[in-house]
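Okay, got some structures for you below.
Look at the two complexes coming up: chain A is in both, with chain B in one and chain C in the other.
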Partner chain A sequence: MKRNKGRSRFIALCVAPAVILFVIFMIIPTINVFRMSLFERGAYSPTETFVGFANFKALINDSLFIRSIQNTILLIVVVTMVTFAFALVFAGILTRENVKGKNLFRVIFYIPNILSVVVISGIFSAIYKPENGMLNSLLSMITGQTVTVLWKDEPLVMVSIIIAMVWQAIGYYMVMYMASMASVPQSLYESASLDGAGRVKQFFQITIPLIWTNIRTTLTFFIISTINMAFLFVKAMTSGGPNGASEVALSYMYGQKDAGLYGYSMAIGVVVFLFSFALSALVNRATKRKPLEF
Partner chain B sequence: MKLKKLTALGLTLALSASLLGGCANNTPGGDANTPAPSGSQSGGEPAATETIKVAAIETSYGTDVWQQVADAFTEQTGIEVELTVDKKLEDVIGPAMQGGEYPDVIHLATGREAGLTEQFIKDHNIAEITDVLSMTVPGEDVTVGEKIIPGFVNDSSITNPYADGKTYLAPMFYSPCGLFYNKGLFEEKGWEVPTTWDEMWELGDKAAAESISLFTYPTTGYFDAFFYALMYEAGGEDFFFDATHYAEGIWDTPEAQAAFDTVAKLATYTNPITPAQANDQDFTQNQQLVLDNKALFMPNGTWIVGEMAEAPRAEGFEWGMTALPALTEGGDRYSYTFFEQMWIPAGAEHIDAAKQFIAFMYSDTAADLFAAAGAAQPVTGIVDQLTGDNQIFYGIYDDGAKAALGSFASYKSVAGLGTVREVFFDPVNSLVSGSMTEQEWIDSIKAASDQMRANIQ
Partner chain C sequence: MKEKRAGKAGDRIYKIFIYVVLIALAVCILVPVAWVFMASIKQNSEFYGNPWSLPLGFHWQNFVDAWNTARMGDYMLNSVIVTVLALAILLVVALPAAYCLSRFHFRGRKFLNTAFMAGLFINVNYIVVPIFLMLRDGDTVLKNIFGSGFLLNNIVVLAIVYAATALPFTIYLLSGYFATLAHDYEEAAYIDGAGYGKTMIQIIFPMAQPSIVTIILFNFLSFWNEYIISMTLMSSANGAKTLPVGLLNLMQAQQSAAQYGIMYAGLVMVMLPTLILYICVQKKLIQGMTVGGLKG
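Let's turn to the complex of A and B:
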């Protein structure tokens, strides 16, 4: 009995640092976000006033906030779909087919992931430049006339951000899927091809179902990271402009803090927090399948 | 076994200790609610060993000049200066200030994206410095108020944000703002710099025939100085005051309509690629349009010369600057006088020494050092000290242009309302790209203006 007590104490002591860190840096700040969303205060002012749910009520009528949420959802849906489609197809090709320079491709696809977002925004600034930019020059060469598409102007700015975000994310997820695809036994493909299944059918009937658990997990990760990455990309590439057209939820939250509405920006934080929680749960539920084993 | 357990325990304890070590005891910098001492303070010499913390934004004037001025101040008063100069000053001093630790003096202008100074104004979190005006400049026998060019304090809604006759922000580094252009190109083409907006549109058509746009702007943030000067031209001082205080019905007046029409028409003469580059990442590309003769004019300040010093440019390029063209033949032309601000957070620890530092900014020693770096302090006789292009730029007021001063009145932040820049100037991007009409722009301004008036401070 006495020995058991000592053991529990020992375990408690060992776990303590992690628990303390977790409480100080995760639990308390999160609770604080919820608390501060009920107050009105400036970021630097020592005083605060309790306003109840007024911040949340104001959010519903704030058309700029609605637009930023719309942009966030657009990014989550489109970037996720495009990235996953490309990552899966590329991973499938690189693992299943006999491509020359497989490792080289893997490295090339992975490079954008190592670059910082600021560097990426610099690269895309050069790509999207209206005059002599890479993309417009390429289009001019193909069409044979001078093309000046304004990639970062109002109608196209979200498309430009989507392209940059997809470009950045593909490599990482491709490498993840390649790893799990490599563990799918070769024999399954062999028997499938004896039964007359083509490459495409094999991909959808064998590869995808067998790595489904992996896809599910990465999907949840990806949705949450898209919400965060969208902030970085928007901040570095367009600062929310022109005229707020590329504002996303988190960049709008950041801007409201600068406008002296700390409580209001925390209310946005709460909404984003609950939104990403709900979305992850939803995705988790919708993608639930009976796990297949090989 | 026992050894293993002991080692694990030891390591855990070490980790815990280091964790607690991180929570070092930081005594907050003074009582945040300390009221600023009022009345004349010229005599209060602080102890010689005092150290004040000065935080200044790094701009095109460089960092060295701040060290030189700080050294000169220490030599004069014996007060040590701990200097923080950074391009992203908000990010450097912001977190500490949220924790209640304030620098003693902050040099950071309003109108920046992070709006830190505006937040301090809105929160009434700045120490009053009216008494600095009657303080003697350290090392000289004149008062600060006597040295500052009339009009920069007292009449200015920027230095006296609450319109109560009390000064809170000290004016620093002034710069005339106007339209910058390539003088060489005008000489080459034989074009005259327009003096009225009608001449401006004529020139725009002429330039368009040569595939040159009339106008561009770095970001919409540069429209504040432009729009202020335009409002002065449209309706003079009274109109400007009413407009910047969101007076009821002010945006329905013919004066306001003239200003809106001018901006809307200018939008159609603006180089179409401008909005795509009007962000913090690409704005220099818009400035480059003027250097490359792809646009004739852009609103800017005298710092542009230093900012684009390394940029490639068209042959025969020479900077020129003009006040805004007049709205009517023979009407007044205005150039907005931009200036930065230095202020003391109400929570600062050494307010008296900080005031001395501010007073020293207007000494001949400091003004000379700043002038050598290209920055003009608003003290009498400074223009004679400037050299090169700057002397011409600062001489704009001698050439008949009137000085426009002031800014939109501060209002209490309201959720969903947006800042002055978001409401008034950001839509210019949409006007240029055609996704918004002039009437939509005016309507949104009117709606926001009503809320701003209700929350004016």
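Let's turn to the complex of A and C:
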């Protein structure tokens, strides 16, 4: 009995600090996101007035918000497709073919993942600089005339952000797929070769189906993470400019907080939160296949 | 016979093609990073010419100016303190919790495990505004009582917030590891007369060393590179800042002042520690990633 009491005390002592921190800094703020979205709050006073769904109703008529959602969806679709296509193909090449310096390539491809988004946005501002930028001067060298493309101007700003995001994400997913592709048994490829299946056919009919479970999980995860990464990139690279052309959902939310419109800001948070859950559920559903064993 | 030779030639071309593509991607990643290193030792006047020209000499003044005038030295110190403190808090809090949650049966265990799992889906970007308001309200209360608040613009509070928001992932990873250990270890220790705490600290934690290293690596990178929470909670204009936020300010100031050299020196200062760490532990990091599953 005495031992039992000591046991309970030990467990309580171990678990309590984690629970307290978790509740204060994660649970309560999460509840507050939902609660505050129904209130209007003055910028510098803690007084709140209940406004029901007024914040959400205002969102529908906010053209900047609509634009930010469109940009978010654009980023989700394009960045996901490009990143996954590249990551899968490169991982397939590096695991299947006898490439020299395989490890070196892997180490290099992973580098962007360890850099801060602020650093990456600094690197890309050096690339995109209109005069004397890396990209424009390279294009000038190739075309033989002075190129002065404004990469961060309205028509191209989303393309520029997409390139930066893909640059950052490829390596991580490539390394991940290399690990799962390595577990596909060699014998399957050998018998496929004997049957006359080429590399491309092997890739689509053996590699992809066999790691499908892994692709599915990472895809769902990637979509949620893209919504967050888009915010980090946009905030550091363009702050949503010019004229809100590169605003994404969460950067718009953050901007409303800076303007002191806390209730409105949290209504955006709720919408994006629910949107990301619905989207990942949808993707999870759409990609369901019968799992293959090997 | 002829066909076979054609196949061989095809193989060859394919192989060359693969190398060209792989090297092209490697160049796309390495060149911009290397360019920043090169730019960080250029003089300001060199930025108006061809961006691909090599630096004329080692202009270390950029680093001195960034360190002193742009206060990157102070920010570096802040970042080191915040990262180390957050890691320490995280380990002290998460290790015992993960141990109990994975190895003891008690009432509410299942509920807590589910709650921490659910926490994996809460991204800090959503809750940074409520955290900010909570701390600001706290400061207002403190001001009324003590005359001054200390919750915002405080690197200790920032470290606590970092540690707290990293808890779900860390507990998830550690519990996964603890659950694989046999219960014999504890039983033997209890028979030898060791208490619960002693068993946990002296028997179990040393065995968890590989997972602890993985956790330190991942969280070091995420704490060191983080900028949204830091920017929000440390918003006072002349107050303490962490390195990425200082760099962000430097980049924004650079647009008007055109002090490129200092900006690139600042960039190097932020990424150099992570690059050095990466070179030292890249094998472990990549292994840890594939073992630990997902994190973005």
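Keep in mind that, in the parts below, the second predicted complex is superposed on the first by the 264 of 294 C-alpha atoms of A that agree within 3 Å, B and C clash if a C-alpha of one lies under 4 Å from a C-alpha of the other, contacts with A are read in each partner's own complex, and residues count from 1 in each chain.
Everything that follows uses one rule, which is that a residue touches a chain if its C-beta (ideal position, glycine included) is under 8 Å from a C-beta of that chain, and two chains touch if they have at least 3 such contacts.
The shown structure was predicted, so the numbers you read here are calculated from the model rather than taken from an experiment.
In the superposition on chain A, see if there is space for chain B and chain C together, and answer fit or clash.
On the superposed model, which is not a single observed complex, chain B and chain C clash.
Contact-wise, after the overlay, does A:P17 reach chain B, chain C, both or neither (first, second, both, neither)?
both
Let me test your reading of the model: by the given contact rule, A:F109 touches which partner, first (chain B), second (chain C), both or neither?
Only chain C is touched by A:F109; chain B is not.
Counting residues of chain A touched by each partner, does chain B or chain C come out ahead?
Greater contact footprint in residues on chain A: C.
Once chain A of both complexes is superposed, is A:A236 in touch with chain B (first), chain C (second), both, or neither?
So A:A236 meets both chain B and chain C here.
With the two structures laid over each other on chain A, which partner does A:L210 touch: chain B (first), chain C (second), both, or neither?
Touch status of A:L210: no partner.
Touching A:S121, do we find chain B (first), chain C (second), both, or neither?
both
Who does A:A87 touch here: chain B (first), chain C (second), both, or neither?
Neither chain B nor chain C is touched by A:A87.
Of the two partner chains, chain B (first) and chain C (second), which one does A:V175 touch, if any: first, second, both, or neither?
second
Between chain B and chain C, whom does A:V79 touch in the aligned arrangement: first, second, both, or neither?
neither
Pick out the stretch of chain C that clashes with chain B after the overlay, from 129-137, 165-173 or 273-281.
Clashes occur only in 129-137.
For chain A, give the residues common to its interface with chain B and its interface with chain C.
The answer is residues 10, 13-14, 17, 21, 46, 121-122, 125, 129, 236 of chain A.
For a test of understanding, state which residues of chain B touch chain A in their complex under the given definition.
5, 8-9, 12-13, 15-16, 19, 32-33, 94, 97-98, 100, 113-116, 118-120, 122-123, 125, 219-220, 272-273, 275-282, 285, 347, 413-416, 418-419, 422, 426-427, 429-430, 433, 435-436
In the complex of these two chains, what residues of chain C are touching chain A?
Spelled out, the residues of chain C in touch with chain A are 14-15, 18-19, 21-22, 25-26, 28-33, 35-36, 39, 47-52, 92-94, 96-97, 99-101, 104, 106, 112, 115-116, 119, 121-123, 125-134, 137, 140, 160-161, 163-165, 167-168, 171, 195-197, 200, 221, 224-228, 244-245, 247-248, 251, 263-264, 267, 270-271, 274-275, 277-278, 282, 285-286, 289-290, 294, 296.
Give every residue of chain A touching chain C within the complex, in rising order.
6-8, 10-11, 13-15, 17-19, 21-22, 24-30, 32-33, 36, 46, 90, 93-94, 97, 99, 105-112, 114-119, 121-127, 129, 132-134, 137, 167, 170-172, 175-176, 179, 199, 217-218, 221-222, 224-225, 228-229, 231-232, 235-236, 250, 253-254, 257, 262, 265-266, 269, 272-273, 277
Which residues, counting only chain A, touch chain B once they are in their complex?
Going by the criterion above, the answer is residues 10, 13-14, 16-17, 20-21, 42-47, 54-55, 58-59, 61-65, 121-122, 125, 128-131, 148, 150-155, 236-239, 241-244, 256, 258-261, 264.
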